[in-house]
Amino acid sequence: MIGLVGDTESLNPELIQQISPAIEQVLRVKKPFKRASLEFRYGEPSEVVVSTPNGLVTFGQNHPLVTVAGPCSVENEDMILETAQIVKASGAQFLRGGAYKPRSSPYAFQGHGESALGLLALAREATGLGIITEVMDAADLAAVVAVADVVQIGARNMQNFSLLKKLGNIGKPVLLKRGLSATIEEWLMSAEYILAAGNPDVILCERGVRTFDAKYTRNTLDLSVIPVLRSLTHLPIMIDPSHATGKSELVPSMAAAAIAAGTDSLMIEVHPTPAKALSDGPQSLTLPDFQHLMLEVDTIAKFFGRGKPCPYATALPKVSYATNFAIV
Amino acid sequence: MIGLVGDTESLNPELIQQISPAIEQVLRVKKPFKRASLEFRYGEPSEVVVSTPNGLVTFGQNHPLVTVAGPCSVENEDMILETAQIVKASGAQFLRGGAYKPRSSPYAFQGHGESALGLLALAREATGLGIITEVMDAADLAAVVAVADVVQIGARNMQNFSLLKKLGNIGKPVLLKRGLSATIEEWLMSAEYILAAGNPDVILCERGVRTFDAKYTRNTLDLSVIPVLRSLTHLPIMIDPSHATGKSELVPSMAAAAIAAGTDSLMIEVHPTPAKALSDGPQSLTLPDFQHLMLEVDTIAKFFGRGKPCPYATALPKVSYATNFAIV
Amino acid sequence: MIGLVGDTESLNPELIQQISPAIEQVLRVKKPFKRASLEFRYGEPSEVVVSTPNGLVTFGQNHPLVTVAGPCSVENEDMILETAQIVKASGAQFLRGGAYKPRSSPYAFQGHGESALGLLALAREATGLGIITEVMDAADLAAVVAVADVVQIGARNMQNFSLLKKLGNIGKPVLLKRGLSATIEEWLMSAEYILAAGNPDVILCERGVRTFDAKYTRNTLDLSVIPVLRSLTHLPIMIDPSHATGKSELVPSMAAAAIAAGTDSLMIEVHPTPAKALSDGPQSLTLPDFQHLMLEVDTIAKFFGRGKPCPYATALPKVSYATNFAIV
Amino acid sequence: MIGLVGDTESLNPELIQQISPAIEQVLRVKKPFKRASLEFRYGEPSEVVVSTPNGLVTFGQNHPLVTVAGPCSVENEDMILETAQIVKASGAQFLRGGAYKPRSSPYAFQGHGESALGLLALAREATGLGIITEVMDAADLAAVVAVADVVQIGARNMQNFSLLKKLGNIGKPVLLKRGLSATIEEWLMSAEYILAAGNPDVILCERGVRTFDAKYTRNTLDLSVIPVLRSLTHLPIMIDPSHATGKSELVPSMAAAAIAAGTDSLMIEVHPTPAKALSDGPQSLTLPDFQHLMLEVDTIAKFFGRGKPCPYATALPKVSYATNFAIV
């Protein structure tokens, strides 16, 4: 058997097969994702531009770091508004908050559903932040799209292909979280579903994978996806250190590492009173800790050429090692 | 911190806490699944009884082995009828066949959908076999339920909680495949979703988990789930060696091992011409190989006290080691 | 790039490369193990014949099932003799018992070392059983070889290449346990180290691999290695359900499954009083439970054509599905 | 069953057991590592001070970043001297280079052994760099210790307890690589072996763990160990992005991320001509690429308060988020 790998269009498999009767088969091996591939855009990173009340926000390799923050679930009006105000004041651009929550147990809090969407709309109006929230069920898609600026597909639904196919013409970008044990290729194939359905705006979010050791971290954050994805796809990248580690005290150093590795955006879980959170309390930063962290995030992003205020840092060539150097 | 594990109802946590001021907290630790737990039925295994044209078929620990066989996907009338005839002739009770296929790639064959359901109905009528087919989308549920005797939830949808919640009153048993990297507890919690929604008939199907080595098998078949599930749940168990190994030549020995370990049922992939199958060819047995295997399966099942024709084998005490002995 | 896979000796890579300037490289891809490969013996399984006081015992695909049993560690004379008597009486051929124990903690019991070897020699003399014990350190090799009929290399030392190289001319067979996360190929390469060093007698022992779920089993027993190894290597196979599951109540059904899948031998942990064992108590069967299990093991082995007393069972063609049928 | 977790010395388990006959057992649960624990040093990080010809180098949380670089194996005098000169010129403090190589295959290059040690001594003399090289066999320990300034225990020998016990009085620090699928706790327990044997100088090196996806990276770099280890142990930390990723183009961004996450040192593989390397070529940086990377490493380390020239950067409080903030 002979496998043709790489740019093999000019090769004639039959010609190769004729060399010897010992050759049973000649096969072309190609990447299974096409629209998601870097080649599809001739090596150019794509930009996902989101219109928020506060203005356009662009996710992309040549743009400032974007930060998304908020609670695991929208619990009530006070908590979401209080959180949104601090998220806004800290300089983040998006508020995340779950209305529909995928929970292992049917007896656990499942999210407040539509009423939570209403509270997110309220928070959006109050702060001008863009809204990112998860859809789990095609039946809720219209309601979610009506409120969300970016629609999230959670890790457990990364291969819910029926749902992915329905995201083609929603007119909103999709944040696609990596499945708990999804290979990079499967993840990109799921992005391909959305792209093939007609929606060009997909952001890939790493949130930790499942490994043999879950004693000290909930999942294992795989930061090497950043340079790997850069070599495979044009799509923007987000890192979620909160779900990856499952512990708020591990979030700051992993956020810093993610920026250093070249992420385009961060998703961070915050809650006014983590100890009383209805879900994911242990991984949520308090509001003051988040504010503290954002000061560092800004400084670090600026250092790595991904700072918010133009002009970008000049000390280092812009995002040199994390992207061009690393990949070329 | 003190954790109370086991039957701790008679213990008063406050009393324990008063022993010393050094004790910060006393917590009860319980199994998170209730309706799925063995205790819920006071240690009695449950039976899932399915009405097929050929008569009632019972899945359960105290019943003969049930076999499900068929192609990955329903490709056309000829192939599904030919397959169904052989499946029936070989002594299996159910025909499996995909109408809706979860495929990693949007460009891969996605199943023939509703027309395939029609062909399954045809095969059911022609052979009297029960039908097991997968539903991926709530929108297709009514159509699937109209044809299927058992509705399958695939590995990728094991934590599609929106879908699970809709299975409560469909009036058909559910075959719940284990997710690719789902823990046993998560799997039982997903069963709990279905039970809590009102459907008491759930069969658990192991189909291999994802590990570090996928060179010689597609997944790693975890047969130890059989005795583990026996100690945790009353629900019947199915083993799918075809998806687990991904290679037809590994199926026979794993089917034998599954019976020896005490499985209640088997799911085996067969295809008239595996080399031309639209999906999962390498793991499909040819029809003659399946017939050959079924002769062995019958002999082995009989030896282990799970043979079809009553009275059961008497040489060994019925399912002794695999269940009672192993667990008590 | 072009990879040549399979029997490619007659192909000239340069000739292929000349077809087009677009071909950068032409590579032969071969199995990395040679002496361990099935081809090395032209498809014939090898036999490992061990001389014990009770006579020759042969490990191999065309031979009766061999059983090895004993405690995790040799604790004192009484317990090892008592255990050995029951192991012998139950029909097993080998006594296992640790003199040198690899323990995660430096503070845990490390085995009684040389004095334990003396007790194993005593038990050998008293019962005629062959002895299998582990060597961890080249410095102890001579002492271990002096007592052991089969020298065990534990999972943690599977890639201790320095040690493997020293096993070439010890004149005793080697039992090579699979590493906790060793691929099948790495395992066979470690066997190749021993074979290449000059020792033709290697038995491969699966003892469970590390996966994401260790709540209900210590490791995940990978029984599919049996048919996979049959297709790759001529070496005999042993299955250790005790270490794999870590729970004595799971051992019987996994032992039965292993026989059904075609294993050549079993290793089972037993202890006179598991609750008081210095190591691995939870996975040790009591002596009566072991005797009970051996009755079933014998019956099952006989059924599958691997029973001790000749003539073999005639109901089924000898080891049909588990080996020839499964692999060819 | 009742488990006592935390500081439970003042609790009397028997007293608790007497509360009710329903309590079968009361157990104390403690961290299994003691000398390696952060508590052992009352929360103070330890320092590993190494004397090199160029002066003392200190590994530790409150010290500048230390860099170790060199080829996988010492191939000949020219290549090791050329590499050492560039490593020195780039500002690294240690030269790594394998004399004894653990290789999966017995037919692969196993290192030049003692003659390679001689070449390392030569390189040490020529450049003043400290030497780090691996020992695989206790028989080679004296020879390795005679040349090495830090003795490396490789991932495959992390649980070679016989070898670990012999490192107590060698008078040289030990670099302990994490096993391929070692939990953090097992890793610390292996460090405990060395500490308990009498050697207080242990550096922990993360080099990637084995997961389900090895298509685009050789292993999965687990950077979250940095803040986790900070909360558990006083020992210094090293990150090896070369072995973790297996691809030189992924090294720069992972090195940056490691510094951002708070590592104390880096190990990076370099080779004059990676394409011709006898081992691990694909993960080795060329000498010019390494020089380029070191410029960035220095800038980044300085930014994070871990720069070589005192005084440290003042823009940010010293190692604030990565350690104190993250952990307290």
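The letters A, B, C and D name the chains in turn, as written, and every chain counts its residues from 1.
Going forward, a residue touches a chain if its C-beta (ideal position, glycine included) is under 8 Å from a C-beta of that chain, and two chains touch if they have at least 3 such contacts.
The structure presented is a predicted model; accordingly, all values stated were derived computationally and were not measured.
Each chain gets a centre from the mean of its Cα atoms; the one farthest from the centre of chain B is D.
Comparing chain pairs A-D and B-D by the number of C-beta pairs in contact, the larger count belongs to A-D. Measuring from the averaged C-alpha position of chain A to that of chain D gives a distance of 31 Å.
Measuring from the averaged C-alpha position of chain B to that of chain D gives a distance of 45 Å. Along chain C, residues 181, 185, 210-212 each make contact with two or more other chains.
Listed in rising order, the residues of chain D touching chain A in the complex are 181, 183-185, 209, 211-213, 215-217, 220-224, 226-228, 231-232, 244-245, 249-254, 256-262, 292-293, 296, 299-300, 303-304, 315-316, 320-323, 325-328. Note for the complex: chain B touches chain D at residues 1-8, 10-12, 15-16, 19-20, 22-24, 181, 210-212, 214. Partner chain D is touched in their complex by these residues of chain C: 32-34, 100, 102-107, 110, 136-139, 156-157, 159-162, 165, 180-181, 185-186, 189-190, 192-193, 196-197, 210.
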